[in-house]
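Next come two complexes built around chain A: one with chain B, the other with chain C.
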Partner chain A sequence: MATESFDHPFLNKIRTLGLLFGALFLVLTVIGAISNPQQFYQSYIIGYVYWLCISLGCLSLLMLHHLISGRWGFVIRRLLESGARTLPLMVILFIPIIFGMHNLYEWTHADVVANDPILKFKSPYLNETGFISRAVFYFVLWIGMTWLLTKWSRTQDETGEPGLKSKMINLSGPGIPVLILSVTFASTDWVMSLEPHWFSTIFGFIFVVGQALAAMAMCIIWVVNLSDADAFSEIEASKYLSDLGTLMFAFTVLWSYVSFSQFLIIWSANLAEEAPWYIKRGQGGWDIMAVALILFHFALPFFLLLQRAIKRRAALLLAIAVLMLVMRYVDLYWYIAPSFSHGGPVGFHPHFLDLTIPLSIGGFWLAYFAMQLKGAALVPLHDPRMAETFAGEGH
Partner chain B sequence: MASTAPEKEDPTAPAPVLGPGQTYTTVTQKISSIITSRTPLGWIIGVALALGLMQCFALGVTWLLIKGVGVWGLNVPVGWGWAIINFVWWIGIGHAGTLISAILLLMRQNWRNSINRFAEAMTIFAVICAMQFPLLHTGRPWIAAYWLLPYPNSMGVWPQFRSPLIWDVFAVSTYFTVSLIFWYIGLIPDFATLRDKAKQKVSRVIYGILSMGWRGSAKHWHNYEMTSLLLAGISTPLVLSVHSIVSFDFSVGLVPGWHATIFPPYFVAGAVFAGFAMVLTLALPLRAVYGLHDFITDRHLNNMSKVMLATGLIVAYGYGMEQFYAWYSASTYEGYMMQNRTWGPYSFEYWMLILCNVAVPQLLWIKWVRLNPIMLFIVSMFINVGMWLERFIIVVTSLHRDYMPSSWDMYRSTPWDWLLYIGTIGIFLLGMLLFIRVMPVINIVEIRLLVPRKGHDKKPDHDASADASAD
Partner chain C sequence: MAENSIYGLMAEYDNPDDLLHAAQGAYAAGYRNMDAFSPLPIHDLSESLGYEKHRVPFWVLFGGMVGACTGFGLQYWVSVIDYPLNIAGRPFLSWPMFIPVTFEMGILFAAFGAFLSMLILNGLPQPYHPVFNVDAFESASSDGFFLCIEAEDPKFELSETRNFLEGLHATKVVEVES
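This part shows the complex of A and B:
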C-alpha cells in the first residue's frame, strides 16, 4: 500500500532555493573558514545551535501536542514531525564542532586546566570523552523518540489502528521530562561551558523555552504559505492561525520571564562568579544588542500579539513570526559570541561568517525539511482524536 | 479499507466533564440544596474543630504580642523561620485557584467550571492566612503599615524599593484584590439564583443585595463574559508574578541555597503543585459528603492529577538542577550548602521532602491512582507536607550554616510556632466551611453550560467521525 504523500509548489520552491542558497553560502563559508579557522568555529557554533534549537523545539511541541491534543496541534503536527526529522542532518553538522573543540572550549586544553583549580574540579564532567559521549547519547535519545513518534504517526495514516494513539501519548509523557533534561545538559555542554567558570541554574530552561518559540514561529511561516493546500483548506487551517499566534505570544512572554529572572537575580547579587557574564554583554556594542532584544524580542511582539485583530491577519502574523526567528538568532548571538573574549575586553566584531553559516545551514535545513514534509499527508488522516476535536468546533 | 471500529474504541477519549442525565433543573437543585437544606451535623463538628484551632491562633498571637518575636525559634543565623515558611506555603496554595480560574478559562478548558469556585475561595482564604505571618513577624503589626506601605510623608522615609520584600506587599495585595473581584463577579448570577429560590425574607434580602440587581438580561450576560475575560487576562500574569517575587525574596540575596536563577519558575511550579494538592484535599471529601460525583467527575481527578504530576516534575527538576549546579559551580560554599542539606543535621527533613515531593507523586503516572479518590487523597496529603518541608529546607538549611562557621547555629521551632501555624489552618477551615454553607460551592451557571443540548451534543456521532476518516 502506497503511503500518502503531499506536494505543493511552495515546497518545491523552498527545496530548490534552499539547496541553491545553502550551496552558495557554503562556498562563501569555506572561503571564510580557510582564511580564518578560529572565526569559523566561533560563528559555526552559533549557527549550528540556532538550527538545532528549531529541530528540538519541533520535537518538544510534537510531544506536547500528543499530550494535550488541541486543535492547533493537528494543524501543525506534520510540520513538527518534519522539523524533528531534520535531527539526522544535525548529527552530520555536529562533526565540525568536534573538530573545533580546541578552538571553542578552554577546558579542552590540558595546560589551562592544570593551572585552573575550578576547571580541574570540573574535569570529571568537562572533558573531551565526556563531551562526545554525552553528545552521542543526546542524539540517540532525540532521534530515537522522533523515529518512534513519526513512524507511529505515519502508520496511523495507513491503518488507523487505535492503539497507536496511546503509544504516542505514552511515549510523550515521559518523553518531555527526558527531552528537557537532555536539552539542559546539552546547553550546558555546548553553550554554557564556552565560559566554563560561569553557571546559572535556569540556563537549560531558557533554552527549552527559546526552542519552543523558534519552532512555533517556523510553523506559523509554513502554515501561512501552505494555507491554499487542499488538506489545509479542508480543515480551514487558517482559522487556527490566531491560536498559533497566541502560543507564540505565550512563549515570547515565557522567554522574557525566564531571561529577566536570570538577569535580575545575577544583577542584584552582583557576585564575582556570575556578574561578569552580563557585564561583558552590557558594553561595547553588546549593550545595543541587549536593548534590541528587549524591544524586538519582547516589547514589540508582546504588544502586537496581544491584539486579536493582528493575530487573525495572516500577513501580519507571518511578519511577526519572521521577526521572532530573526530575534532568536540575535539572542543566541548575544549569548554565545561574547564568550570568545578570553578575559580581554569584548569588542563587537561581527564577521561575515556570522551570516553565511546560519544561512547555509538554514538552506540545507529547509530543503531537508521540505523533503520530509513531502513524505506524508499534510494533516494526520486517521487520528481518533482529530475527528472528535474538529467535530466539536461549533462556531 | 479503514473500518469505523477504531473511532468507537478510542482508548484515549477523555471521560465526560458532567455526569450523564443532568439537566438545567437538576444542576440548580443539586448545587443549591447544599445551602438550602438543613445544616448537617458534620458541618457543625467541622466548625467546632475550626474554631478550636483558631483558639490556638488567638493564644499564639497574644503571647507573641506580649513578649515579641523572640518566643519563636528564631536566632541569629536563622532570622527567618516558620513565619516565612508558612507565608510561602499558604501563598503557594492559593495559586491553584488563580490558575484554574484564569489560565484554564483563557485556554477554554471547560472542565474547570465545576472546580473554579471553591478553588478561588481557597485562594482568598489561603492569602488571608499567608498575610498573617509577615505582619506578625514585624512584631508590632499595628505600625507595620508605617514602613510597609510607601505613602508620602513629611520625614521622607521610604521603604527600600529595591527589596523584593516591598514588591511582595504590592504583589500580594494586588493578587488578593484581583482574586476577590474575580470570585465575586463569578458569584453574581448564582447569588441571583439563590435570591430567587430563597424561602426566608432575610436570605432573600442578603442574596438580593449581593446579586447587585442581576436580572440575567442579554446585556448583563455580555458584561459578565467581558469582565470575566478581562479579569482572567489580568490574573494570568499574577500567577507568575506573585510566586516569582516570593522566590526573589530568597534568590536576590547572596546566601548559598537561596541564590539560584532557577528559583522563579521552580517556585511557580511548586505553588501550582501545592495548590492542586490542596484543591484535591478539599474537593475529594466535599464530593463524597455531598454526593457531587456528577460534577467532580473522573475527568477532573484525572486532569488535576496530571497537572500535579507535571508541576511536580518541574519541582523535581529544580531540586536536580540545584544539586548538579551546586557541584558544577565549583564553589566551596555552594558545594558545602548542598552537602549539608543532603547529609547534614537536617538530612531527615531533606529526604522526607524528596519522598513526599519527588517519589510519591510518581504514582500519578498510573491511571488507576489518578482515578482512585482514596489514593489521590493520600498522594495529595504527601504533597501538602512535602511542599511545607521544601520551604523549611530552603529557609533553614541555607541560613543555619552560611559563610562563617563561627556564626553557625541550629534552628528549633517552639510551641508558639506550632500554635500560630495550626491556628491559620483553623482560619482557613472556618472560611471554607462558611463558604460551603452560604455560597454555591460550584458555579451553577457555568455548569449549566455543560449540560448537553439536544442536537448540539458536544461529542460527534459515529457517522460523522466515520465520514471524516473515510478517505
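This part shows the complex of A and C:
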C-alpha cells in the first residue's frame, strides 16, 4: 500500500457524477439493447474503442515520459498511471464484444467465409479462436506493463530507491515498440476487420496517435481542474500547461499527417479493393462529418494551439482539450459506423445508443480513474530525476 | 573619460539565477536600455528585461502561408493551366496530390521566415558591437553571465549605476568603451 494518498473535491465530484451518469446511461443503454441488439453491438464497439484508446494513450504517454523525463511528464505522471490502470475495467467491458462477434464481424459466419475466397484466405488469422486468444494476449501485455510501471512508481514514492528509475526506463524503451505493434494488431482485429476485405497498413499507427492525443487532452482537463491542489501549486503545475498544449498540438498535427497519408495513398492508387472505404465515407451525410473532421480535428485546433497566448490561458486550453475529446469520438464514429452497411446503401443513421454507450462507459471509466488517482500522491515524491529537471533551467 | 564615450556598464555574474535577479532588479529600478548575455537560454530572462513582443512568430506564419500558397499555385498552374495531362482519368485539379508539396513548401518558407526575420530583427549581421571591447566578455559563450546597462538609458548615471549593479551581487562591474 502506498503511504500517501490524494484527495480533492473535484475528484470526489467526478467519482460521484461518473457513477451516477454511468448508471443512468446504463439503464437507457439496456433499454436500447433489448429493443435493438444489433444496434447495441454496433454502437458498443465505437464507445468501447473510444475509452480503451484513452487508457492505452495514457500507457503510451507514460512510457514516453519515462524515456524523456521532461518536467511536463512529472506533472501528469500520476494521471497517466491512473488512466493506464483503468485497463482491468476495459477487460470486463470487452465481454459484450465477444458476445456480439457474430453481429459485428462478417468473417465469423462460416457460410459467408466458405463462399468468399478472400475471407477464406484470411481465415487462418481472422477466426474466432484467434480473435479471442489474441485479445487475451494484448490485455495481458498491456496490463502487465502497466502493473509493473505503476508498482515501481508507487514503491519509489515510499522507499525512494534510486534503482527503480532505471527499471522504469528499461521497461519503457522496449515497451513503446511493443505497445505500437500490439495496438496495430488490436486495431486490425477489432476495427479494421469490421470490413474484412479492406486493408491499410498505416491504420494501427493512426490509432496509436489518436490515443496519445486523446490521453493528452484528458490530462489537460485534469491538470486545469486540479491546479489548486497543494501538490500542483508546489511545482506550479499550471506553468506547464503550455507545454502540454504544445504536445497536444503535436499529436493533432501528427494525427492529421497519418490520416491524410492513408487517404492520399488510397486515393492515388484508386484500387477497387481499397477505394470503397473512402467512397462510403464521402457520401450520404458522412461527407459532412469528414469536412467537420478536417475543420475541427485539424484546422481549428491547429491555428488556436499555434498561439502561445492561448496555450497559457487555462480556460481556453481546457475548451480546446474538450473539443479534441469530442472530435476523437467523431473520428472513431466516422471510421466505424459506416462499416455496418454490409453492401447496402450507407445512410447516416445515428441512434441514441451512439451517445448513451460512450457516456455510460465514460462515467464508469472516470469514476474508476478518480479512485485510482486517490491511491497515490498527485506528484511523484522521490523520483531522482525530478530534482534534476526541476532544478535545471531546460525543459 | 567622458561619459559619452562610454557604451555602458557591464556587470558579470557567476550563475544564471544571479543574472536573472539582477535583470529583474534593474528593470524594477527603471532601467530599460539594457541587455543580458548568457551562454545558455535562461527561462524568463527576456521577459524580465521587458521584451514582451515576439515578432518572429508572425514572420514564421507569414512565410508558411506564402510558401503554402506558392506550392499550391505552382502545381495548379502547371497541372491545370500550362500543361494539363489526363492521368488515369483524374481531374486536372487533383488537390489531394498537391497537398504534400504545398505542405513542404509551407515548411520551407516558414523556416526562411524564421531564419531571416531572426537575423533582421536582431540587427544581424553586425560587424562591430561595443560589448566585445570588454576582455572578460569572451566567457559569455562559455561560463560567464553578463548584464549590460547602456549609457543611452535616461536613468544612467555612471557612479550611481555602478553602485546599483554592485549591489545586485555582481562579481565585477566594468565600463564598456563605445
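Note that the second predicted complex is superposed on the first by the 390 of 395 C-alpha atoms of A that agree within 3 Å, B and C clash if a C-alpha of one lies under 4 Å from a C-alpha of the other, contacts with A are read in each partner's own complex, and residues count from 1 in each chain.
We adopt the following convention: a contact is a pair of C-beta atoms (placed from the backbone, for glycine too) under 8 Å apart; a residue touches a chain by one contact, two chains touch by 3 or more.
Just so it is clear, the model here is predicted, and its values are computed rather than measured.
When both complexes are superposed on chain A, chain B and chain C end up clashing with one another. Of the two partner chains placed around the shared chain by superposition, chain B is the only one that A:Ile169 touches, whereas chain C remains out of contact. Within the superposed three-chain model, A:Ser268 lies in touch with chain B and with chain C [touch as defined at top].
In the superposition on chain A, A:Phe203 makes contact with chain B only, while chain C stays out of contact range. Of the two partner chains placed by the overlay, only chain B lies in contact with A:His382; chain C stays clear of it. Touched residues of chain A were counted for both chain B and chain C, and B has more of them. Of the two partner chains placed around the shared chain by superposition, neither chain B nor chain C is touched by A:Thr129. Using the contact criterion defined above for the overlaid structures, shared-chain residue A:Ile180 touches chain B, although it does not reach chain C. According to the touch criterion, the shared surface of chain A, contacted by chain B in one complex and chain C in the other, consists of residues 264, 268, 394.
Chain B makes touch with chain A in their complex at residues 2-3, 5-7, 9-13, 162, 240, 244, 248, 251-254, 259-265, 313, 317-318, 320-322, 325, 328-331, 365, 456, 458-460, 464-465, 468-469. Listed in rising order, the residues of chain A touching chain C in the complex are 260, 263-264, 267-268, 270, 306, 308, 393-394. Per the touch definition, chain C reaches chain A in the complex via residues 16, 40-43, 54, 57, 61, 88, 90, 96-97, 99-100. Within the complex, the chain A residues that touch chain B are 69, 117-118, 121-122, 125, 159-163, 165-166, 169, 173-174, 177, 180-181, 184, 188, 197, 199-205, 257-258, 261-262, 264-266, 268-269, 271, 273, 381-382, 384-388, 390-392, 394.
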